[in-house]
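Each of the next two complexes has subunit A plus one more chain, namely subunit B in the first and subunit C in the second.
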Partner chain A sequence: MINKEIKDKTFKLLKEKVELLDKTKKEKEEILKLAEKRYENMLYDSGEAIGVVAAQSVSEPATQTTLKSYHRESSGLNIIQGLPRVIEILDARKSPETPTMKIYLLPEQNNKNSAKKIASNIKETKLMHLMVEDSLDLANMCIEINMDAEKMKNLDIKTDDLIKNIKKKVRNIEVKMSDDHTMIVESKKAGTTVQDLQRTRTKVRDSHAKGIPDIDFCIIEKVNDDWVLQTLGSNLRKITKIEGVDSNRVSTNNIFEVYETFGIEAARQAIINEILNTLRAQGVDTDIRHLLLIADAMTSKGEIKPIGRYGLSGAKSSVLARSNFEETVKHLVDASIIGEKDELKGIVENIIIGKTAKVGSGLVELKMKD
Partner chain B sequence: MTEVYLDGTLIGETDDHKKLITELKTKRRKKILSTNMNVSFLQDKDEIHVNMGIGRVRRPLINVENGKSLLTKDLIKKIEEKELTWKDMQKKGIMEYIDAEEEENSYIALTEKELTKEHTHLELDPLLILGIATSTLPYPDKNRGDRLNYGARMAVQSVGIPIHNFLMRDDTTMNILINPQKTLISTQSMDAIHLNSHPTGQNIVVAIMPFYGYNIEDALIVNKSSLERGALKSIAYRTHTTSCRRYWGGQEDKIGLPEKGIKNYKSEDLYNKLDQSGIIQPETKVEEGDILVGKISPLRFLGIAKEIRMGIENFRDNSLHLEEIHDGFVEKIILTTNEEGNILLKITVRDTRIPEVGDKLATRHGQKGVIGLVVPEEDMPFTAEGITPDIIINSHAIPSRMTVGQILEILEGKAAALNGTHIDATAFKSSEEEPRKILADNGFQDDGKESLYNGITGEKMESKILIGICYYQRLYHIVSKKIHARAKGPVALLTKQPTAGRSKGGGLRLGGMEKDCFIAHGAPIVLQERFSSDSVKEHICTECGTIAVKDHIKNKVVCLNCKSEENIEVRLSYAFKLLLDEMKSMMIAASIKTTKD
Partner chain C sequence: MADISEIKFHMVSPEHIKKIATIEIANSEVYDADAYPIEGGVMDPHLGVIDPGMRCKTCGSKSGECLGHFGYINLSKPVYNILFIKKIKEVLVLTCQECSKLLFDKENVKNRTYDLNKIKPATKCPNCGYNNKKIKFERPQSFTCDGDRITPEQIREQFEKISDEDLSILKMNGGRPEWMILTILPVPPITTRPSITLEDGERSEDDLTHKLVDVIRINQRLANNLEIGAPEFILDDLWELLQYHVTTYFNNEISGLPPARHRSGRQLKTLSQRLKSKSGRFRLNLTGKRVDFSARTVISPDQNIGINEVGIPELIAKVLTIPIKITERNFKEMKECVERGPEKINGANYTIRPDGLRKKINDLTKEFILEELQPGFIVERHIKDGDIVLFNRQPSLHRMSIMAHRVKVMPYKTFRLNLTVCKPYNADFDGDEMNVHVPQTAEARAEAEQLMLVEENIRSPRFGGPIIGADQDYISGCYLLTKDDTKIDKKTFAQIILKLKLYNSNKIDMTKETYTGKELFSIILPDGFNHRFKSKDGSDVIIENGKLIKGSIDEKAISSYGGKIINKIDLEYGHSVAVRFIEHITIISIEYLMKRGFTLSLSEEEISEEQQKDIKKIQNKFSAEIDKTIETYKKGKLETLPGQTLKESLESNIIIKTSNMMSETQEMLSKNLADNDGVVMAKTGARGSIQNFTFMAGYIGQELSGGSRIFRGYKNRCLPFFKENDLSLKAHGFVESSFRKGLNPTEFFFEAMKGREGIMDSSLKTKISGYMQRRLVNAMQDYLVKEDKTVRDSNDEIIQFVAGEDGIDPAKSDSGGIINLKEV
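Here is the complex of A and B:
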């Protein structure tokens, strides 16, 4: 079906481009004519089952790539690829199994040394990475932590900040330094048992020291003159605020994070990019328009809906179509309680009752005049 | 401190793990400690595991000391002269068994040449990287790995001669190749497992060339005369069993000719092949539905008293009859008793199977194919000497699969046939120089190629064709037992939809995925027609929307729900009607609203 507005806009742009070509007037006209013919050929016909075609175009090649999943060369990060990743996107999981970010740097910081520095600012350092040993002092009922002074100096971490962070993470404790590199953690509560102390110890170990929370790993890669940081873990809001990071080119594979930070339109684009990149990496050449349709369907309600029982298939208007997919009894019972009506307009409903479905050639009917 | 575990339980600690392990190992070799013991050191956990328990997979390896194999040439000579046995080698500490855990700490050389001082063990033979089935394949080192896997898996499906006393046995199924042959190209491990006394195929003359398109996509062209001479002909035996049971109340099954009119009595001509005792005679031809043994059983449920008194009505026919695909000739009949002392009958039916179009053949290189055409010998291509190939395979089967081993087998098979010898094709040991020399000495091209002449036109072919001898196996997938099609036929009682499966004359299911394809093509009318196998006409009450019932006595259609006689006839799928009924059983009353066009 032709959308006049889009067509006019497209051809206006095309005309401008064609005018720049080194061709005669007749040739230019011919190019435009040919383009228009191609454009009309590529449009879908009324009644075409574009949803089924989109689903088949993505899922058929996806079945052939299963063996290639969980594999990635060169970089040390093991990021999920292939079919599991596509399923993850379509299921609209709240966070991916391996969240990752690609961070580009500002032009003036685009060199190896500053990349290294920024990487150390991004990667999260916890207290347990900074200590040599920790032990329970049962006589005084406190935790003794032996800090690695050299590491602290290298990472430029001050003890005062560290103590502040520990206090933020664990409540009702007193933290002091007994000497240069021994930290003593005591509980403020009376009657502390060994179990309590043990619990505090694991919490203290886990407390934040430097970097950005959730970023476990950060490696530096050189991609066509650009120094790129690739992380394991994602935190879009905080990373864009770090000095030296080109916030226009930061990307993450966590679609929900994109949605929460930039909104639904950005999330739609993120879905398209993620599926397309995963499929392209496996050597699958699916037309982008199928993915556009899928992304549109997933985001059309203003939030990201999965394709499946709790998403699009569960939101169908027809009882028969819903119960045909999954959880048959639940849908039938719920529909009977509220007295739902099925208009029998969809494809599945018509197949169930044995009538011609309203798609393709089934759209047209012949009627005789009396 | 290294912790020491014996069969998983902590027994102590040591400071010097190296010393402890060497001591344990030397004591094991000197037989002071059990040879069943294996020691391993887990570096990351800093633990020593000493294992004696059962269930560990272990394998033999030759011990190496200071970069020298303990199995010296003198000892090998002794083994050849049978002075030294396998057990002696273990006793003398020349060889030991290693489990998977200890293998992690060992440095094993594959051949004696690559031994260094760091090595701890030497492999008995590099061939041992392959399994038993795979090592029987020729030239495994010259084929791609996956082809070996396919080849080994297909050898399992081959029709050969698995046992020699098959005539005395009564296996349920037994497939026997009539003229099995030893392989011309064999391996050492074939001798070890006596595969040559139980061959799986025949040595067959093969040419690699196209043949008028009849061997595309891995199809094979087979020489008709070869089949008439008995190439790849096989016999299938199938044994059918029946026994007489005793029932409650002193009743029992009886073998004999069932009298006409008895319950379950089938058509008379089916019983014609039985003799007076009710058992079929040997060498009788039997077909689908034929009765092999007449058997009369008591009724499962007794009827009314009047019927019981009439005697004959108390029995039903429970004869053993032949299923559709198992026709043939009766080979033998065994009449005996089972453990409970009841009569037991075993009837073996023999079926001779000559290869036909659609049957499956395979080489030992994972190259399988079905017969695409059976060509009379006079139309087959021939060499200058007048030899026609038995099988022609397509040249496209080779490049993408890279089965170089098959090319070599064809080439060297030819040399073996010319010389009257067997050629060894064990992994990492074969050489192709000698077979090539044999070919050259006998006046052939040393690459196995020959000029061929078109059998139909008599013209000489432009390119030279590789022709030689290759071992072919017949796989037990037989088309005549698999071919199936249906237009209309039996339907299931519950759903009114076609039954499933060849034996029930069923249809081929058009499933959910296939349905989606029809929708994607925009062809819902085709889809409706394909799904209309259970289409029925039902009356639907216009008042309440439930399905109305026809009252044949009053010749009226009445709705049982609202007693209304107003209704409309609608065509719908029976499955939908069934769904409505099932929903009613779970207290959901769906109503259909109808409008008139």
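Here is the complex of A and C:
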């Protein structure tokens, strides 16, 4: 029957919990005995359509949740929530609509001042945040940027670094300082039009000055005893390397980033956590085992596959099952070119040809005594 | 019938089309002057019969027996099959225009999974050294080379020379590439495109027939023009027209091509459209099959039938049947059924002789049938009390949407169901309809009884707790009954015991004059039942040895969403005890409630002057704060919130303050709640909430639309009653009145805006979540728990090594665990 190892592991955990109870030894033994008896009856039956049950368990309550897509966190950040968020996770999008990170600090940095300092280091400052105004000098065909010297001083940004960053972002330009706080940007290319100049201006404004790229905002919050930084924007790789950040407790809602940084097992756990948290926030009580299966299904091929036509459903081996879902004609035509065979093992295939599907009680046969 | 073991897909060769076809179709006329189908036309009787009484000219069978036969059209010039156009392009580009050998190194590519689309073909052929010209695909259906059109004929020639060996490298094991360019078009049998005769006797042809006629007509014109040696440009035009008709015959939704239309302007439904999407063959007919032995009608509640039962109207019970084989033992019973006939309930509609002859029972045949009836016959008898049927309400969102019930034949015309099963079906009685299906075989009945009966589904697989349980008035009733000071007199007590049908129970002591509600409740608890938990208001509920000692029963204990008592009884005593307990709850609470009376009145929503003053105080406090915030905003001194503009920060600020105002009000009101029935409902979780009470007695507060205050309407103001650019609460959807007092016109308007948004939201949500469910189910429907407790898909690939990681089925667990240590 079921793997003894798993059973032993489960009961070891249970025993530890039971030991902590305020009960006599005999009572504790009885509890364990009862648990053991129940455990045998609680196992999955063979043939159970576990996938359908998992799918239903997630999507049935979805009809009852509110479609309030945005949720204002206590920190004031707008984070996408509810049904749209669940769909976003199942679609395995490269980046979520509102990426966010929760960053915990190392014990020695766990105070308000260091939190503030780290936060200002994390938040990305762009050139546009550092200037008073910029204007196009059409006579000389250049951009004049009036810098806010005080801000730059506060943020400890040097003009040389800034110029380097601008050059990295925009090619073929010359950047000079005409005086202490005026920056002149010229195009090296001949025949620059006003349109080109405008385009350069938007690019220059957007160039990186300080902080971690993609982190738009960073808010400090006190959660219990910890100072927690919550960000808008996510950059797992760079954040974990920042001094003072507890890299073991950094989290992001960007599952794809987790996959690229830590691998598929971490991504699987991230999918589970994200769906679970989203559902819990909506007051939906769904057993974690259903989410385990969904996450396993999405990650079992070694990369994150979306639920749907470009992912799991489109990769099925059966032609009929694929055509039944979406893009019917495409799958049939492709199958005819390749000369595909459908072995009719799955459920829809059997429904289509009118046979009993090999699932649940369809796996066994029943005989009646006449 | 032979078993289908596998289905192979491949392309069809012209020879094969000719082989399976009976005749060539070359006449574009369909019917002659006498309205008879013309030989060689698309409705040629050789292609099958659809009119009853006629015989197929090919096989001689009658309509219904003959499946139909193919014909074929000889195309005067080859045309592309539009469905394969992508592959044609792929093969065209990857093979040499001179020698038809591959234009890339096969060794490089052979042993890996490769993408033909990504291969860059060489210009110079590695085989013959020919300098291949660049070929461009002109959407939707032609190819050019240096600006000149390449004809399908030329491409076909090139394809014919491709060796079979190269084909498998081109991933074409389903047939020859030249088959993708049609020289012969199969004409499907008439049975697949039946014509219908309208009321006035006129025939209306199927869309495919129309399309085939078009193809034949142009084909013929092209043939004629070829014969007389018409000028090139006329031939090209006709060829292109033929291509258009053949293309739209396959798919009438090609982007870049005007869709072929019916005379009335309606788009024709051609081959692809027949298969595609929700109303196509696959989803409508192949996966969604229609069934016999089903019924549908309005549902209504019945307090007096069991949870496992369903009330079936007599009218329906006389139509739905179950085939029963007559044996020695049931002979008499079955004979009585036949005697009663189709008109009386518990009768029978048909008999089937052992040789398969089916006879309808009616007054004429009854006597004869009764005479010949003997063991071995099958009688299709009406369903009767105790039979198993499946009961379903759409949308079938989870497996509890279809459950098995036992039949109870009843008068009138609605299905009756016990109120406690409303939750899993998500049913109410405002006109809901439900379906009944009657399993026909012993196998199906056994399965329904063992796996699908309501009592087997008390536990939801979603969260591992009961989903069937008390609701609404049952909860109010139970609470009022088990409240500390509830006393019942002997008469009422006896009445309820009678209703419970527990006259023989030794638990009942009839010697007392008055009883407490707790005593009554304890009677329905199983013997030796112990439980201890917190009720909804946080106070202790203690049940010891089958007796309710302390606390009152509310939502937490018996509700249809994880009721604790139901949960524990179901786990410890089994489903049938749980079912009986739930049934008893419904009886005692309703009986008591009817005795006591339960009502909601307007006066209950009245609050004291003192409380009204308190509300005013809270309102004033917060509106002063908000006014101050608006002032600071106007001065430009408001602190911006991260990621928001100044205006957005102000709005966030105001929304947070108004919601704080509301929660403070609710807190204040809930401290001094009157003791009335409305409050009982809110407090016990039977129906409504303190928020609803606040709306009625206090005020409604800020109306939000899309998460923000209401701004749309006139220029710089919502309604003409406000000043322009007025940022105050009242001008943007704050409702100061209560439902009891009544809303003033502007408030009413804002409330209506919110209400409309709610309706829009929920109708949009069902669509989105419905598609999500379809995708999820489709992706995971083949995952099964195998005998070794691994989860595998239909290819036996492992998804999980142990189902659920610990093998525990949440549907059988206690909230996902084995045992709840807090409750032992």
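Methods note: the second predicted complex is superposed on the first by the 341 of 370 C-alpha atoms of A that agree within 3 Å, B and C clash if a C-alpha of one lies under 4 Å from a C-alpha of the other, contacts with A are read in each partner's own complex, and residues count from 1 in each chain.
Note that in this section a residue touches a chain if its C-beta (ideal position, glycine included) is under 8 Å from a C-beta of that chain, and two chains touch if they have at least 3 such contacts.
Since we're looking at a predicted model, the values are computed, not measured.
Visitor: After superposition on the shared chain, which partner residues are touched by A:14: those of subunit B (first), subunit C (second), both, or neither?
Guide: The answer is second: A:14 touches subunit C but not subunit B.
Visitor: Which of the two partners, first being subunit B and second being subunit C, lies in contact with A:24: first, second, both, or neither?
Guide: neither
Visitor: So in the superposed three-chain picture, is A:52 touching just subunit B, just subunit C, both, or none of them (first/second/both/neither)?
Guide: After superposition on chain A, A:52 lies in contact with both partners, subunit B and subunit C.
Visitor: Looking only at subunit A, is it subunit B or subunit C that touches more of its residues?
Guide: C
Visitor: Contact-wise, after the overlay, does A:285 reach subunit B, subunit C, both or neither (first, second, both, neither)?
Guide: It touches subunit C, and subunit B stays clear.
Visitor: With the two complexes superposed on chain A, say which partner A:296 touches: subunit B (first), subunit C (second), both, or neither.
Guide: second
Visitor: Take the contacts of subunit A with subunit B and those with subunit C, and give the residues found in both.
Guide: On subunit A, the residues that contact subunit B in one structure and subunit C in the other are 45, 47-49, 52-53, 55-56, 329, 332-333, 336, 347, 351-355, 359-361.
Visitor: What does subunit B use to touch subunit A in their complex?
Guide: Subunit B residues touching subunit A: 515-517, 519-525, 527-528, 531-532, 534-535, 571-573, 575-576, 579, 583, 586, 588-590.
Visitor: Quick one: which bits of subunit C touch subunit A in the complex? Just the residue numbers, please.
Guide: Contacts found on subunit C: 3-11, 83-84, 87, 171-175, 251, 272, 275-277, 280, 282-283, 286-287, 289, 327, 397-399, 442-443, 446-447, 451, 461-464, 562, 571, 641-644, 652, 707, 761-762, 764-766, 768-770, 772-773, 775-787, 789, 791, 793-795, 797-800, 802-814, 816, 818-819, 821, 824.
Visitor: What residues of subunit A sit close enough to touch subunit B in their complex?
Guide: 45, 47-49, 52-53, 55-56, 329, 332-333, 336, 347, 350-362
Visitor: Could you pull out which subunit A residues touch subunit C in their complex?
Guide: These residues of subunit A touch subunit C: 1-3, 6-7, 10, 14, 17-18, 21, 31, 34-35, 38-39, 41-63, 65-68, 70, 72, 75-78, 83-84, 86-87, 90, 216-219, 232, 285-290, 292-294, 296-297, 300, 307-308, 311-313, 316-321, 323-325, 328-329, 332-333, 335-348, 351-355, 359-361, 366, 368, 370.
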